[in-house]
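Chains here go by letter, A, B, C, D and E, matching the order in which they are written, and residues are numbered from 1 within each.
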Amino acid sequence: MNPVEQILSHYASESPGVIGNLRTLLNSGTLAGTGKLVILPVDQGFEHGPARSFAPNPDGYDPAYFPSLAVEAGCNAYAAPLGFIESIARDYAGRLPLILKLNNSDSLGGPDDPHSALTGDVQDALRLGCTAIGFTIYPGSEHRNEMYAELSDLIAEARECGLPTVVWSYPRGGELSKDGETALDVVAYAAHIACQLGAHIVKVKPPTAHIEQAEAKKHYDNVPKATLAERIAHVVKASFNGKRIVIFSGGAAKGADAVLEELRQIHAGGGYGTIMGRNSFQRSRADGAALLKSAMQIFGGK
Amino acid sequence: MNPVEQILSHYASESPGVIGNLRTLLNSGTLAGTGKLVILPVDQGFEHGPARSFAPNPDGYDPAYFPSLAVEAGCNAYAAPLGFIESIARDYAGRLPLILKLNNSDSLGGPDDPHSALTGDVQDALRLGCTAIGFTIYPGSEHRNEMYAELSDLIAEARECGLPTVVWSYPRGGELSKDGETALDVVAYAAHIACQLGAHIVKVKPPTAHIEQAEAKKHYDNVPKATLAERIAHVVKASFNGKRIVIFSGGAAKGADAVLEELRQIHAGGGYGTIMGRNSFQRSRADGAALLKSAMQIFGGK
Amino acid sequence: MNPVEQILSHYASESPGVIGNLRTLLNSGTLAGTGKLVILPVDQGFEHGPARSFAPNPDGYDPAYFPSLAVEAGCNAYAAPLGFIESIARDYAGRLPLILKLNNSDSLGGPDDPHSALTGDVQDALRLGCTAIGFTIYPGSEHRNEMYAELSDLIAEARECGLPTVVWSYPRGGELSKDGETALDVVAYAAHIACQLGAHIVKVKPPTAHIEQAEAKKHYDNVPKATLAERIAHVVKASFNGKRIVIFSGGAAKGADAVLEELRQIHAGGGYGTIMGRNSFQRSRADGAALLKSAMQIFGGK
Amino acid sequence: MNPVEQILSHYASESPGVIGNLRTLLNSGTLAGTGKLVILPVDQGFEHGPARSFAPNPDGYDPAYFPSLAVEAGCNAYAAPLGFIESIARDYAGRLPLILKLNNSDSLGGPDDPHSALTGDVQDALRLGCTAIGFTIYPGSEHRNEMYAELSDLIAEARECGLPTVVWSYPRGGELSKDGETALDVVAYAAHIACQLGAHIVKVKPPTAHIEQAEAKKHYDNVPKATLAERIAHVVKASFNGKRIVIFSGGAAKGADAVLEELRQIHAGGGYGTIMGRNSFQRSRADGAALLKSAMQIFGGK
Amino acid sequence: MNPVEQILSHYASESPGVIGNLRTLLNSGTLAGTGKLVILPVDQGFEHGPARSFAPNPDGYDPAYFPSLAVEAGCNAYAAPLGFIESIARDYAGRLPLILKLNNSDSLGGPDDPHSALTGDVQDALRLGCTAIGFTIYPGSEHRNEMYAELSDLIAEARECGLPTVVWSYPRGGELSKDGETALDVVAYAAHIACQLGAHIVKVKPPTAHIEQAEAKKHYDNVPKATLAERIAHVVKASFNGKRIVIFSGGAAKGADAVLEELRQIHAGGGYGTIMGRNSFQRSRADGAALLKSAMQIFGGK
């Protein structure tokens, strides 16, 4: 069985509509057919503000820049909030898989515990020709139950329309320490929760070797975790033994070498790919496209 | 391509109904066909109380005054809450584009963080022959997520009926300082959020050179911001590189010269126009109409 | 044009059903055809408890007492909560216009800020043969946004059934001082808000000369406010320049002479009438009816 | 008990809303309070065409003519199809009870068996401020079951909104002979069916002494039927022993003396009144009003 | 009062939304403000087939031809079925009032009696930015009751969205003779039925002097009918004494002189305008536009 069909065999309860859109995601771009994914996400304008996001490379002020970059670089998909998708859907629907992020949070102050606003719905995703919806949950936040319920409803609604769901699972808020947000036990836990909620694709951050939860510590004694590849492997295992697609982000912008080394570890650990935002679009177009292509070479096994 | 059709080409994902009503807005009044807008908004009776709003020019106690002034002066549209629109819709629907403000907040005390009340719905807008709906969000408020979700739902509902949405995006509340409400980074951010939420027209205040957010400061080092025109240009850039219509208010009443100088800067910076309330209707009819006409001359490039 | 049709011409956006019921209200009772209204309201049993309300005149324990009094005295309408209306609707629908109060609050303790409970719906009003619905808002209360939204929904629903809405607009709660609740600026503001929300008839308390809001003070320098008649005139002006029907209550029970003097001032100031509860039904039947009839003489210009 | 309340006591299962609107019908116009009704119905434009209906008195081409005539003459109500009611409802709702005829049939040929088209709904009646709905059934028609079901649904829906239903019950079609349409047994039967279907007011034609149904003949041996008054009395008896309001039409235009003599017999037989269309509006205004007033004198017992 | 507002005063029961769209229709194109209408309708492709419709002037195969012609000639509106409107709505909504024909019938054989298919809905009209809906009824057809009920429902639904309804009322089928379809009595009757059903604008064919219905003949003895102008005047009278807008078609293509003479008679008789399809679009563009402009000169009184 080819890698894509092998992966899809793990989603046997899904309707052909959801399967078909997952298949489209996995069979698009340079990595088509490999079972690996490099996705371009751009929600930083909403999350961090336009200047913090786009001043480093002012091309990004224009919503047309991102899908053009994604196509040039050969990404599997482009993910963004409603306004950005609306701005380009007429030209890209059917050419480049689009993922509509249905919630977003800004950085203009409280509430103390993070909670994203609903900024679109499944009907928007259908109207705009999207291939999937995206949603962020903050495991650890005091508001997480509300988010889980919102996500649960949206997954059900999207499924009825044949749309799979990509979940950004970011531990944050509540009693979590800052280090805890990327602790191995917490990231694995967050990935697992997303899978349990019905996510078809899960996106988490690369975990550190820190163990946050006292009760979890002893259980990690025998889990190999010295290298990022080992930690990635643990997160993949926590994602239904690898039966759910789990991809990793690179976080804040950093040097190209650092990015690529991280990606090699993710690949070595069995990660299904990466979702690379600021590291691609905050570089010049040439550099950004080059970095994305390098990522694809890594995940393509070349 | 004429300026109106050039602007409409950026809304390519929209239905003909929404496009048609945007076209009507852009092709009405003295500025018809220029791609620029001067709108008369009157929600101050609700927001600040009747005497604070209308005592300076008692003609304004009568709801019939405003659409009459708007037509005389050649405005593109008149925006107001339900009661004011109901009071005049029979006579003005089909003559003057009407924008129904669907939420409003009074100034009779708390809650501490601002949140507008829903005071009408999309069905009201259809019943009253309106060309668009209007909605206010307060980025920064603790209640902003709720507002974003309300707006998101209303935009979707209005779109199904062919109605575009004008969003008043006023940073306010939460951890924002008073100066921060008009800081360049915050205003640009507020405009960007409105665009991401699907606003067809965004209304913000003219920004100062202040930068509020610590994380944003370094990104503004190279953004020209000495003149208002430069700052306007940045806000337009933050509004999807000018692909969304962004207009500016003048705020509190001031001298005519100050108003006109501000408008010249807004025009020079590429702003799509102005929404001028108190500066027009708190003057005598002759002076208010004259000031609106002067605004049109500026945006008409004369 | 006769006074009633003159008033109705200001509601030109309304359907014939709403107009017809307003016409019925204005053409009932002794004041029929004058454009003036004297309404008997009895919600004190719910609001203050039965003994506080009815012990002064025990006839009032019987719900049949009120419509009988209203008919005898020649009132335009009788307004009460669901139970009282249900108790007498079979006998009075079609004889005496009934106004169903759709929310009420008791005085059994918190919440700190006032918020009425929904105690009926539009379907009840139709079922019971009512001519209008009634609703109370508390501008100033922390819960006012919720009330405004509830009212907005009810007005829309009632309109579809041809029923107009009477709004009791009582500033209360939040940061308002006790004196502020009847301050001229606050009462005018409360009346204006009710009009903006789509009320067809607004009921407020007679204002004092106190100005509550610091920002409003200077705007009242030139507003005549020495006499109650002058203050009433200002509230009428704030009610869309008199284009919405605004009536006044007498508040707590007091001497007949004081009541009548107040009504003369309300009439002199252009108020559309009065809604007189405790001052009528807490007197003996003969005295109560006599006082109501005196009120009608005043508003009838005799 | 006064006559109106006596009549209403027979509708004890009805909600106050329906009772209230019946009370309004019975307490309007010259016959207010007598328990008798003279209604002006104008559906002939739809049923027979405009020239056949209005050429004899061209005033009738104008929809404003009829309610004006009804008010001048002192009718209890005016009944017409949607277009005619819409044309005048803004001016007459609340002044003159309006009855919206919800089905109508034209005379432009087949189908062979009569069946009226639905031409409005209960929501229209509320929107237009009507006091009742009207509906025609054709007992005898092959399509009668469909009509009965339509009527049954409409009565239920109208009742929920507090609106009573007036049923025109015209035996017609199927195996009925032309004479049979006004046969005593058939008219009585038609009135009874309407009552059984829940009609609040039934309108039939004055019956002849002819007995149509073979099975019914022997049962009419002892029923007095020589005079119209006797036959009317039988139809009233068939209408739940007079516990439902049954009124009679005069049919085709005829001489004033013939009309009045017929009305005297209807009154003598205990009929609740008349619904007089062509005999009133196809005369000059003066003559039509005079005839209507004469009808009121008869039913008023003067 | 200007002619447009004078006409709108006859629709006093309507919401501002419906009034606003009627105002837009009456204030568009060359005849704006005159109270007269020249509409370009193109449903012949559906009704008669494309070659019969467009071979005479092959420009008509392209849906873009018609709105372009309508704008060039200065028509008030363009009316067509769903596909044609969809094809051009993005470019014309907000520039040229569009009327979406919601039913259509082809000429591919039976049923014996004419009945149009529903081919769109009110939501389509909103989505496409239309100013009105259109609907055809065939009074005389055995299926007319079904059509009347469909139309009644659509008018109610469109009204709630602020859209007026244009009704094509074509007597056809059943027992009507071919001559009877344009007989004076039948055309007047068909116009009256459309008005009674709630049509805001009625379109009929110019009537001949033939009288079809035996029962109607005597009523036409005194109706002037020798000239087309006289017959038009009768149809206008049958349309609620001219209180509903009634326009006339020219029917099959004919010589320009014949067309213009007919239009002069329609104008002389008080017709509100014309809806000219084949006579305009089956000519060359220059000739078609010229003929439309001549029609406007006639109705503009020049």
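Here are some notes:
The rule is short, and it goes like this: a residue touches a chain if its C-beta (ideal position, glycine included) is under 8 Å from a C-beta of that chain, and two chains touch if they have at least 3 such contacts.
The model shown is predicted, which means the values in this text are computed figures rather than measured ones.
With contact taken as defined at the outset, subunit C and subunit E are each touched by B, D. Taking only C-alpha atoms, you rotate subunit A by 180 degrees to land it on subunit D; that is to the nearest 5. Same-residue interface: subunit C and subunit D share over half of the residue numbers found at their contact.
Rounded to whole angstrom units, the spacing between the C-alpha centres of subunit A and subunit E is 56.
Centres computed as Cα averages put subunit B at a distance of 35 Å from subunit C. Taking each chain's centre as the mean of its C-alpha atoms, subunit B lies 40 Å from subunit E.
Each of the following residues of subunit E touches two or more other chains: 13, 15-16.
Taken as a graph of touching chains, this assembly has some other topology, since it is neither a line, a ring, a star nor fully connected. A complete list of chain pairs in contact reads A-B, B-C, B-E, C-D, C-E, D-E.
Of all the residues in subunit E, the ones that touch subunit D in their complex are 10, 12-14, 139-140, 142, 144-146, 148-149, 152-153, 156, 171, 174-176, 185-186, 188-189, 192-193, 195-199, 213, 215-216, 219-220, 222-223, 234, 237-238, 240-241, 243-244. Here subunit E touches subunit B in the complex through residues 15-24, 27, 86, 89-90, 92-95, 123, 126-130, 160-162, going by the rule given at the top. On subunit E, the positions that touch subunit C within their shared complex are 13, 15-16. Of all residues in subunit B, only 45-46, 48-52, 55-56, 58, 61-63, 81-84, 86-87, 89-91, 104-111, 115-121, 123-124, 128 touch subunit C in the complex they form.
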